[in-house]
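Note that chain A is present in both complexes that follow, paired respectively with chain B and with chain C.
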Partner chain A sequence: MTTYRQCIAAGALSLLTLGATAQAAVAPESLVGPIADYKLYVLDNLDQFVSHTKAFTQAVEAGDLQEAQALYAPTRIYYERIEPIAELFADLDASIDAREDDYENGVDDPDFTGFHRLEYGLFHEQTTDGLKPFAERLMSDVNDLDSRVQDLTFPPSSVVGGAAALMEEVAATKVSGEEDRYSRTDLWDFQANVDGAKEIFELFKPLAAQEDQAFVSRVEQNFAAVDSTLADYRLDADDPQSGFESYDEVSDSDRRALTGPVTVLAEDLSTLRGLLGLD
Partner chain B sequence: MSSSNAFWRCPFLKSDASNSSASRSDAAVEAPEADRRRFLKTAGMTGLGAGMAGLSGLCPARADAPVSHGKEVTSTPQMQDAQLRYPFHGVHQQGVVTPRPASGMLVAFDVLARDRESLDRLFRTLNERIAFLTQGGAVPTRDPRYPPPDSGTLGPVVPPDGLTMTLAVGDSFFDERFGLTNLRPRHLQRMEGFPNDALDADRCHGDLAIQICANTLDTAYHALRDIIKNTPGLLVVRWKQEGTVPLLPPSPGAVDGSARNFLGFRDGSANPSGDDQALMNELVWVGSSHGEPAWASGGTYLAARIIRNFVERWDRTPLQEQEAIFGRRKMSGSPLAGGSEQDLPDYATDPDGDVTPLDAHIRLANPRTAATEKSRILRRPFNYSNGVERNGQLDMGLLFLCFQADLEAGFISVQRRLDGEPLEEYIKPVGGGYFFVLPGVRDENDYLGRSLLAAAV
Partner chain C sequence: MSQATMPNQAPAASAPPPGLLRLGVALSGLTMLAGLATFALSLEHAGSTGGKATKAGTVVNVTASGCEPAQLEVPAGRRTFTVVNQSNRAVEWEIIDGVMVLAERENIAPGLRQPLTVDLAAGTYAITCGLLSNPHGELKVVASDNGAPPTPLSKTAFIGPLAEYRVYTTLELRKLQAGAKALAAAIDSGDLERAKAAYDAARRADMHLAMPIGLFSDLDQRLNARAEDFARRDQDPDFAGFHRLAIGLFDHGSTVDLAPIADQLVTDAAALKTRLDATAVPASQLADGTARVLGAWSDRQRGATVLTTQDLADLKALTEGAHKVVTLLSPLLASQSPETLTSLQSSLATLEQRLPSSAGAAEPPGDSPPAGAAPAVLLNPSVLLKETQALADSLADVNAALTQQG
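For the complex of A and B:
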């Protein structure tokens, strides 16, 4: 195989000249605008993420259990929206957002830090005792993430592919209710992932529509279906900023109802890179 | 796409006249090893290597050419009967009286389709996929910037490999969602737990089930992934259980014996013959005499049970007790009176159970009286092994599948007779469900589920 891999690289050149790539791709320069807009979206969310994390970790450090519990879910949404970019820094993603089952020793593992370690203390153990080091670490990790993203050139394929990546997140861990197992605030993350995917889709929608209008309509319908089921679980139906009920309240039939459009979105958005001719 | 075929040849080498793009994929599939050797040989002979290396920096025969390890491919066991193909069209679906292959799987789904239109799309899609997968063929290719349409786990050409996919619907399929409530087959019901059951809700029931059988499990897995890929938003997997049939060593001249289950006993003795069409029409296939809705004609009931076997405990049980529990000799499969697996136990001359205990498994399951003849069922089981329990014991057992024209007279009656049998100490049913296998697809104008959906209009 090794011999042949070298030939593949050489072959790629000739294939291009043979016109083997038949897909009428979107002009590369037309991606520049949406990607710049997406960077603004990410930086804006990152700003909010830093300030909310500050308030959250301060509440933990001050020993204010109720306040810390209340700020847990509203803080996370800024991270969940921009996960395609945040996840580019695997070390920080692990220390900020890993769950206990990412570690062989579970909650007792010394490497288990970040939001879910704090969630375990705040919601399962119902105390802020012993959480100060985790709060300090989280704040410093989030600041680190902020400075790294500021300098980042956004890779087009990570941005466009991010819409599908977010729906994979939803399909893998949100529908099952594994994400926020102690606080049961999964629906906040669920909505944030969906919002993040929808933002990317909206930015590239005009380009996608040129290629496949039926695709665009289908994706819009499925986003609407997910949003409408999620809206049923808002604490205040009239206020899109209000929070969500506990994931325990989500009926089995609604979990199934979410699985359908989420899976179709994951399938459809997995073709967005191809549709826009991105390598 | 030519790009997907470029992997096996250096594009700069033109010395082989057969090296046209059209033949590349075939060559890659048939003889990659021969290809490779020819490639290296011609590269050396023509002296192309050095010149091309200077030009591209990429071709072989340079001083830093990769080291060959001789054989670059790991040898692989061969499929035994890859071209075994069962016709898709027929009065009945395949996978019921079809000879049982070495691998089987039952997958239960929840239907996510919300209306009749998407339900129709679901059945047409399943029909189209099952028709392709069971007959085999080249998988489609696509611009590599897209996810590939096929998982690729069986390579560029899918072999039929004896694959059958048998589509069935469960009791919940006939709830109020699709307006089919008045078309429910008479005996179709939600499986209720029997006294020895410890049902796990995550491994029970389903709107729909597909029995996927093939010579190899890989073929079944490929088929399942294809179905999932092609039905997003329409189906979601609820549970699945796969299993295998232990292969018998060849024994020329000897009469075939039934395969063994994980308790070491032959499982399949006294099974009605799937080749006996008249018997199948009586015991298995729903016909006009069964009082079922007309759309159901040609279908059959499937009872599925995931039956855990406590194999460690069984292996610590004296042989004579094992044999008394089953009512057969373990090695030969014969009745306890002796003889061979083909010999019939004579219960008439053994009314007190001196030879075959009255509560022996085979005697309860099939008392061989005129009254119990109508409860005969067509069994099609597979042995499963899922891993290890927390107590360190193996999670093994039987994926019990059986088919019958009347679920009440068939499996349910048999199981009621078995309730309380001594074997229960060693087994624990943990999942399963009842389903109705849809009639077969007659021809190109027909499709799976058509008769049911048409009856509802």
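For the complex of A and C:
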């Protein structure tokens, strides 16, 4: 009897995952693999984020201004790549990555912490004096984020919707150059957001292509356009580690050239959830 | 379900009875066809009772100093909010559950309004109101109709749990492969203590994976078969895998003759990876498969008068694997059948409390071993077996609770 009931339940469960073929071409269970792969990507980036943050905050605490300045941008990229997941934790997103404009009292607000508080000290004040508490807090927040993400069941719509969210973020705060206003390292974040969005797109591309090949081609072209403009500002074209020129160097015409494909990418990618049956 | 074991081909500890598995698959197929129409209809119905995304819904004004109104109350279900930015800077608006962002609308320019539609369960949430230094508002979501049956699970409800389970199996498989390689290396160099430690690590991952491994009876036999499953028992040339290694390392205290067995373990772990990469664990197996491996362990030990250190470590790792599955199914059970969730969590907690917190650290209740006996050997394990079976039974009820529709 129990066995029979279990079989009926198993049948009903396979309905939940397989039965949808009657309504949408993309079967829900086909999303399981890409979402799992995305979490593995996020976990790899978090590993890197933790170790880079350790080196960065140690440089701050040791009073090594030059080293701390040099490590600021290459540390942030791991956060910027995985932002669709990282920003699900509202408290940590605020303490790790909020900007001074998020607070009524700006840089003097006692709650203003994290990367941009350190950026203000390192690049505007040009000193590590008084930054030790912010460095310690950043390290503990990043460790906290790491353990929370490991335990998190990724919400499918946040993963698939994350590609558009990243490009919207680029459109809103990167093209304007307001993200890293003191360090002028915006292009590092810019590339990291684009890479994070591209990773999501690549994972779901085979499914999206079954639904709308024209959409896939358009998105690929726009990613290529953004990447090629960004590549012009690499310090060493053959070495991605070398990073980017200051955002001040980006010409007005290139800023305009980036706005087009970035905006279209944000709009196109916002349809990915619906395309994959997650709306 | 009786234990009809054949001496030559008895299933290993975690193997499902293959007949039952096939029957389940066949029945699933039939039920799927029969139930498809009904299921599609119930989804339609659930969709049309929700709010319409086209209307403004609840209007929230975000000013320079906060939300107006700062307290919102809506009935549970799909709700639309229209956020009007009346401050002089771009804002984002979020609904927060504890510390987690449940839904958000980013980058609303000054003077503009943006809609946000979200599925809300009953409860109290916080809403953000512009500047981080502004006070949060409160969103109260009240149950629409207390007598109403729960909305059937959406067809996408299992994607998240199954993806997270796939991440879990991938990470555990890495540990199994690393442990098997370390074990082979330690045995090669004749280092008994290092071999024992590597065995423990690899075996723990193997037990965490007992449910998915149980889907492949050939690999399950190669990795997990016991001496009594073979005609010539521990002298049988086909007897290999973890239990063969344990007899050498722990009973005989020697690495002699174990090298080919350890090499075979490395090969089988790699084969398992290939197999799991290509296989999707069905949603129904999360609960049913986990119930099966716990039940199989409990059946296997029934009548035993002692449990060895290895037996206890195996059960502890099986319980850890069950804990992961319970965590994944909890949010679904909470909406479909809270009473099933309560009883499942309680049987899991009971078993976890009974188990020693780490090998040799705390003696589990039961008769303490006499002075001079090896540590962490449990005499009279009947209570532990009963509680293991109780967790298996709770898990076996889960799928029916998830699919009952009113």
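Quick note on the criterion: the second predicted complex is superposed on the first by the 255 of 279 C-alpha atoms of A that agree within 3 Å, B and C clash if a C-alpha of one lies under 4 Å from a C-alpha of the other, contacts with A are read in each partner's own complex, and residues count from 1 in each chain.
Note that in this section a contact is a pair of C-beta atoms (placed from the backbone, for glycine too) under 8 Å apart; a residue touches a chain by one contact, two chains touch by 3 or more.
It should be emphasised that the depicted structure is a prediction, and the values quoted were computed from it without experimental measurement.
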Touched partner set for A:264, first chain B, second chain C, both or neither: first
Which superposed partner A:277 touches (first chain B, second chain C, both, neither): both
First, second, both or neither for A:246, with chain B first and chain C second: neither
Touched partner set for A:256, first chain B, second chain C, both or neither: first
First (chain B), second (chain C), both or neither touched by A:91: second
Touched partner set for A:153, first chain B, second chain C, both or neither: second
Which superposed partner A:102 touches (first chain B, second chain C, both, neither): second
Partner chain in contact with A:210 - chain B first, chain C second, else both or neither: neither
Which partner reaches more residues of chain A (counting touched residues only), chain B or chain C: C
Intersection of the chain A residues that touch chain B with those that touch chain C: 2-3, 6-12, 14-15, 18, 20, 22-23, 277-278
Residue ranges of chain B in contact with chain A within the complex: 1-3, 6-12, 36, 39-40, 56, 58-60, 65-66, 68, 72, 110, 112, 114, 142-143, 145-147, 229, 232-234, 236
List of chain A residues in touch with chain C within their complex: 2-3, 5-20, 22-23, 28-29, 31-33, 35-36, 39-40, 43, 87-94, 98, 101-105, 109, 111, 153-156, 165, 168-169, 172, 277-278
Chain C to chain A touching residues, read off their complex: 1, 20, 23-24, 27-32, 35-36, 39-40, 43, 89-90, 94, 96, 99-101, 106-107, 128, 131-134, 153, 155-164, 166-167, 170, 280, 282-284, 288, 328, 331, 396, 399-400, 402-403
Complex interface listing, chain A residues touching chain B: 1-4, 6-12, 14-15, 18, 20-23, 222, 256-257, 259-261, 263-264, 266-267, 270-271, 273-275, 277-279
